[in-house]
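Dropping the structures in below, format is structure tokens.
Two complexes come next, and they have one chain in common, chain A, joined by chain B in the first and chain C in the second.
On to the complex of A and B.
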């Protein structure tokens, strides 16, 4: 944490910065100063797309994307109300695919996400294009040893 | 032998964790100890008198002082012993402070340790032999390496004190980076106007021998007696004949094949050139790599137009030897290459800023040339790409500096000031232009510096934005600078016409190999190390080699000049005596048992080991042995530890003395 000297290069390059309530560097600042509650309540960690631009360009080699992931985990653990509920649902849906198939399964992800949010028509117009480009396989491509993935999930997601 | 023991309390530094009276009592019981006492401040005048009086009263032959580190007061106690008639090398110091009281807190245990340390020193002093200081002669001439402002100042100061100077500069002209600058902060003095008179002074000084387009090849010898080999690179111009008329330059048909490095590659130069009009000496150089004559054997236009027959295509590099007593290293800095693939393999480049890709993204020195009246645009601020006047300009500080991910953790120190100056110059020249500066912190420590930055903000309306820029990209002929104003907590995008990057200062090319040539240490970045960061900032750890300017760490002009004057005065102090005295703690070879394996030569960090021929009665060489040059040896003891036949002894630390210390433990 003390690595960060608040230069703001992360926020400057963040592609989703404009949608965030506070700048990514400010989330770090809040935690540096001990304002955990304010940091955990922020939408910023949930909007973080994990594109790693910040981590790659950080002059202090601070892995902000990883840090944001940790903030999200802690927020869930502490039961902090997540303002962007759909994002949490998407996260869970995505992780479920990994847990079940060992890799991303887009159709399953879409189906689960839509079941959770009940917003059945969101982004539906992009489906045909994706299907034609082979991005939406109807059946999952399972990895060989799915048991191992499951045991990783079991070990790491103890409290949730 | 009668030994005196003196235990210092160092106020409470030692006595708070070591029972000093008890240590003195125990020492009194050791064989050979005639007198033992403890005292609150042994280094004070009364403390020293205590030592002197005891030496007289008890007729002591040697003393052991239990006190602070010998780095602090060994000299004090040796001087006290000398004034009472004892050889200074019959004084041993047991470090009861740094090695004992400061690092322990149990009184009983640390008192026992103090007693052991004392017993070791007592056993050593019993075996010490009186030594006399070594006298070496001094050659009163200085070699100054580097002809930038620091080298110029050091050369002038030494020469004005009456000593000869050899000034070596690798470029065709002296002047260094200062000659490239437009104006200087915080007074906005014209840089060349204040520098060129100094350059002329160097050229005309009877005591200064100027060697431009030359490099130091080899350094041998030691303080007071260096022998330096200097390579004078071939200019292909006879310096004695050339009048500096410049006809060859005007007539040279090769106009656009070589970038002008003085103009930071913003312009071209002919194959025969002087770096800039006020160059000292005003003698051109022919660049073999682009000159047609060296490729085809034809052309020779310069040869035809030179009416003094000064062109000499056949000229070769020549070697020159200079005997000097001191060396002042002033090799300066260069800017770190910020292109995507940094040319300096140690560091990573800055792909995200597009330097090298976008022609209007330039570095600080390039802006200096653009702003300079003698530069490629005659001082008008114009974009390198299309010559348009930029109406919006962004400056970015800390490019490379303070950036661990690129490999440079330090602050380059001068960028805050020169960026403020450059933004100010821009606003003075382009009245309807907007200037933005992205910064992380403003470091404006220095006389009139903070006021200068405030003037840029308050009077010249330069807009400072606190935050590092993430990326620069081109869009519709503009350079989009993506930043974050961390004070407002808002993203910022500037559509600039030109971007200036304040890039980090790094050591000059070849600094590390030069350091190895001279035998001085350098840090992980290649900056030369000073002997002590606080108290010996202009001395290197090698005796007789001094440092000046940005070769030691990033520095601005006044700091470089002060350091240069300080280095010059160090050399002058050295020359105040005809001979030098130095510590006799040097290694000596027992030639009878030396096997001539010369491992010592390989390990000696100072190059003090030489080969010596041993001759029989008829003068025929029958074996080679190692010989240690007492002037060069620094007494580190590496050879002693390496020697397989145990034929090297270090005076004052010989095997007998060391083993006695260990045995006493």
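On to the complex of A and C.
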């Protein structure tokens, strides 16, 4: 991280910079200067789409997209309030499907996401179409060795 | 030629047509797949943005299964799966600590270096000449904007494939089908990816810019190789139309569908009718009788 000399090329090319509260390079700067709380509270890491544009353009070859992964993970560990809470709820709902079935289950994902966010009306226009086209399966695709998946989730959850 | 196959979750649901068209096309080209038994989700965006250990273990479980099945390589048609698999392999290779942690989690020792290929590599290696030899339909009216998205060519140090800013490999495949490819600016610009549900507003804006740039540069179809990109660029055009009333529906095909069309297959056979946008050239093209 000390590699970063704040040229700002990452922020200049970031496709989601416009929606962020602070520029990506500023999140790095906050951490460099020891303002951890401010960095962890920022919406920026949550809005990062992980497109890797910054990582491939950085003149110092600093992997900023991976750095954003780390900031998010630390924010979760420390229980920092995530302002972009729907994004976190989406990720949790997605991972719950994997934990239960071994594969993504879109109906379960959308149902859980809507229950958690109470955002009931978004996508009511596309879901029936997906059913009619046979794209959404009502039942999940369960893998055989779900025990192994559950064990991976358990061992990596950080909880004993 | 035989390849290991990791379809990934999307190809069994929202991107069924990508799987359908891929299987039809490789069958025609004499390539066969050996699907990884009991494969599981690669962890996708949600794992790597929240839990690094989990994301590596979920991705590597599939590499482990491929190794146990005796496979030497894997085709991962979903760009996001491809990216997670190669990034996890790279981390295991570079950091002995991550390797040990993942091996302990999965109770396994990784021995083989299994090569993961993306869909473009598959056709560049085993398909270009066969596509040309088996071409049945004239596609010269199509002007394709080849959209790579973020994850097929990045990070270049790990993908070791094409250029991260100005890739050209998909154009080579498109040319083999007889369709044209336009020169445009947003080949690798992000569509908003996994924000499709939680921040649809962002996805609509970014995807609209990508489609507009393709149209400005004379394209009449967009060609993609990622289920997430396809969802955002195809299905999200309804939301796009609501936010930008002047938006005109623009067809978005999977690369395998376009190859299938050139090989003489019809729209329905390839699952093109499962898209939200209409492939408006279908009638003209499909009336174009097969050459041989």
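What we mean here is this: the second predicted complex is superposed on the first by the 146 of 160 C-alpha atoms of A that agree within 3 Å, B and C clash if a C-alpha of one lies under 4 Å from a C-alpha of the other, contacts with A are read in each partner's own complex, and residues count from 1 in each chain.
Operating definition for what follows: contacts are C-beta pairs under 8 Å (C-beta built on N, C-alpha and C of every residue); 3 or more make two chains touch, one makes a residue touch a chain.
Fair warning: this is a prediction, and the values are worked out from it, not measured in the lab.
*Asks:* Would you sort A:53 into first (chain B), second (chain C), both or neither based on which partner it touches?
*Replies:* both
*Asks:* Considering only touches as defined above, state whether A:115 meets chain B (first), chain C (second), both or neither.
*Replies:* Neither partner.
*Asks:* Just chain B (first), just chain C (second), both, or neither: which does A:25 touch?
*Replies:* In the superposition, A:25 touches chain B alone.
*Asks:* Looking at A:155, would you say it contacts chain B, chain C, both, or neither? Reply first, second, both or neither.
*Replies:* Once the two structures are laid over each other on A, A:155 reaches chain C alone.
*Asks:* Under the stated touch criterion, which partner chain does A:145 make contact with: chain B (first), chain C (second), both, or neither?
*Replies:* After superposing on A, A:145 lies in contact with chain C but is clear of chain B.
*Asks:* Tell me which touches more residues of chain A here: chain C or chain B.
*Replies:* More residues of chain A are touched by C.
*Asks:* Under the stated touch criterion, which partner chain does A:17 make contact with: chain B (first), chain C (second), both, or neither?
*Replies:* In the superposition, A:17 contacts chain B only.
*Asks:* Tell me the contact category for A:6 with respect to chain B and chain C: first, second, both or neither.
*Replies:* first
*Asks:* Between chain B and chain C, which residues of chain A are contacted by each of them?
*Replies:* Residues 53, which sit in both footprints.
*Asks:* What residues on chain A touch chain C, complex-wise?
*Replies:* 15-16, 19, 47, 49-53, 55-56, 63, 68-70, 72-73, 76, 84, 86-92, 94-95, 98, 102-104, 106, 110, 113, 122-123, 125-126, 129-130, 133-137, 141, 143-145, 148-149, 152-153, 155-156
*Asks:* Which residues, counting only chain C, touch chain A once they are in their complex?
*Replies:* 9-10, 12-14, 16, 38-41, 43-54, 57-58, 61, 105-106, 150-151, 154-156, 164-165, 188-190, 192-195, 197-200, 202, 206, 235, 238-239, 273-274, 276
*Asks:* Over in the complex, which chain B residues touch chain A? Could you list them?
*Replies:* So the residues of chain B in touch with chain A come to 352, 398, 402-406, 440, 466-471, 482-486, 489-492.
*Asks:* In the complex formed with chain B, which residues of chain A make contact?
*Replies:* Spelled out, the residues of chain A in touch with chain B are 5-14, 17-18, 22-23, 25-26, 53, 57-61.
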